[in-house]
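Note that the chains take the letters A, B and C in the order they are written out, and that residue 1 is the start of every chain.
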């Protein structure tokens, strides 16, 4: 186990993550990945602690991943789903969070359709001087840090499974393809990939990657490693990894897309298009996949190219690492 | 730990609670409150027992509180929500309860929109001669005993945190403000506060505290300690504690209330109105709060006056005590 | 504990169950029934394993039974309900299953409104070469093997509680009454009862037991022990056990039934009709019961005749046995 001290109390965004933090997560996730391969996959680290999954926006997949991660660490879990909650009774979100605080919750895993909600709750917890940690499980179009970290872990442990570290990505060309504009996954990935020294190429139709967005991104100090394209091909050329993003079908009805078929023709990933990339290119997708839209159905199931299943598995190990850090507040032997 | 023997098998109502029972709950909850402040907050008391939360009426808050309480005692929990259940398939409530009995449930925590359902289930269990205990988590406009007990614990442990006991409330003036007519919380609180020797002042508009209700209450032997008011001020004068009740917004559409704004003006608790009370008055609310209706928003967040967060925390300790009593059937060392 | 080796990896259907397998389940369920009568009802068998209840079709009753069974074996459980899942986001069922696989699920308990879904998922798991087991918790009108096994356990342990075994049913006359055509429970029961050497008499109105169905069944090698009737009486005559099936009320609106009252008059089980059976006849029903339709209300509650509660209890023990076999892959001391 690494011996770094972990100081971050809440995990809300990757925008200000340090290399040391990235590496602490990657190395600890690798340790947990090893635990998960044993017959008994539980460790007693968070015994007696309560992890509350406050999912104001429903997501079975992400909620299950956090729930398994928490249970592997022997925590007790509580699930809150907005639909059946007192949210419908007019209670504010901060009041809901404070209720779970008062019940003895140690870690709140929060998903909300609006950007900034996890941060607002974290600020309120800090203002109250309590030790509860907040983990952003996706807020609007802002960030989805655990997804960014599990993608980073998936890629870096593919390169060196024993010692995954952010430096392994330096100089790699990584394409991010799809609805960049509305994607919190893209944002979290951009932060971690830029920090790793990779070269990041965004590709999307203009409606999903508007000029102002490109300019905003280009204006940063990272402009020399971040590129935007309104066509797929230049992003794919010699790419080491291709990250596809989920396409919300409602984008089409909002007239941002002509048709799913045309989208697939122009920006969908297929075997033919992958020939532009490096020979051993790998494809990622945060799931759930619209088969035949973002990615062709056969490619998705081909373990030679697809890292999709590996991402889901990484998700549990990375979330165990995150819960471990903010739950125990220190890095010492598992 | 107290050495009293606990004989009550089901917890359905506070109407016939004895002082000894109130004090057993208060003292045991205090012990559990202490357990909850430790790093490892679990005790093995109910290991292997199954606590089923049968919530025919949804309530995330109360269900989570019971779920945490059960898990702290190492019980296994099952959640049943009417919406997704075979209730929609025409099964009767008693049949549902008997199914959970047959599966091996040890304690049933039951909420239902109709008064009397938990009692009917408890009677059926007794008729069948089984050891299952029923805990009423709110039935229609009848009672919500664990809420009454947690309010009692909140108040009495504020006065003496080491030894909370019902006698500490003797002679205190306590105002209960709001929709008395439809409130199961008010009914449970009236029983426990009268039993404690407190002076209870109910305040509400006539539509929410009709004459027949006042006469019904006034006709009891408790008439000398129970007072009803159609105005707020006489209830607040020199009050030690003010209990506000949740206002169901549907009361307004049922023409029982003119408008929320007018309600707040007449019966909402504000800093100004609190000046009528004792200087160190405290305010309670069972939650979820309609901010700016039953209570002004700033007052709710002011720890000098508000006990709302403390009530939620007390809820877990009190529910642990109740599950402990009916689950283990005896009072001996935790 | 029996010393047989268990080789079946998935439990999808009873059609090809061997006598040795039936008896292994019955004897192991009897051992677990004994565990359930102890004060501490848990065994550590599946500690650290994850049992995911993937209920694409909702069922609180069956899901709770599996959840209790898994928790008694110390497994961690995950509940997935289609309504709140990414199914609504267009993900395929196989992709959902593969996501739960990738998260580290050890056993998938699957219910779906379409026949064949659990089998399709099991085949996919085998194709992928992974060790995950699939347990069919009801698929369309196909099978509900754990229900068939719990009915077998209920009957055989009534005859010999210490050593329930399939041979005990040889020569018994068992009537299955109701909506045979649409019932997965009937199909699973037919397989197990025929295998036991019992004489099985199906009784239903022609719309719910059409000629082609009778001919299909009659054409098998079991024709000499399987009989179909369009009237109730010949099925009941001298019967040892009467299995009633749940009637879906939508059958009536689909014009397959005249009225519930007429159905009850012709095929509903009452005390009077039971006089045709053996004196100590017992009645079963998989639940939830439409009181006064499939069975008269007073009969359902009469422990002299009704095995309904006993079936629910058996369900937990039988499901523990099934999870134990496919979770541990061997039969050795609990």
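Heads up, the rule we're going with is that a residue touches a chain if its C-beta (ideal position, glycine included) is under 8 Å from a C-beta of that chain, and two chains touch if they have at least 3 such contacts.
Fair warning: this is a prediction, and the values are worked out from it, not measured in the lab.
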- Task: List the interface residue numbers of subunit A and of subunit B, divide the shared ones by all numbers used, and answer same when the ratio is over half, different when under half.
- Result: different
- Message: Quick check for you: after a Cα superposition of subunit B on subunit C, what is the rotation angle, between 0 and 180°, in steps of 5?
- Response: 120
- Message: On a C-alpha centroid basis, what's the spacing between subunit A and subunit B, in Å?
- Response: 41
- In subunit A, the residues touching two or more other chains are 81
- Query: Across the complex, what residues on subunit C touch subunit B?
  - Reply: 36, 39-42, 58-61, 64-65, 67-68, 71-72, 81, 83, 249, 287-291, 309-313, 315-316
- Listed in rising order, the residues of subunit A that touch subunit B in the complex are 47-50, 52, 76, 78, 80-81, 84-86, 89-92, 95-96, 98-104
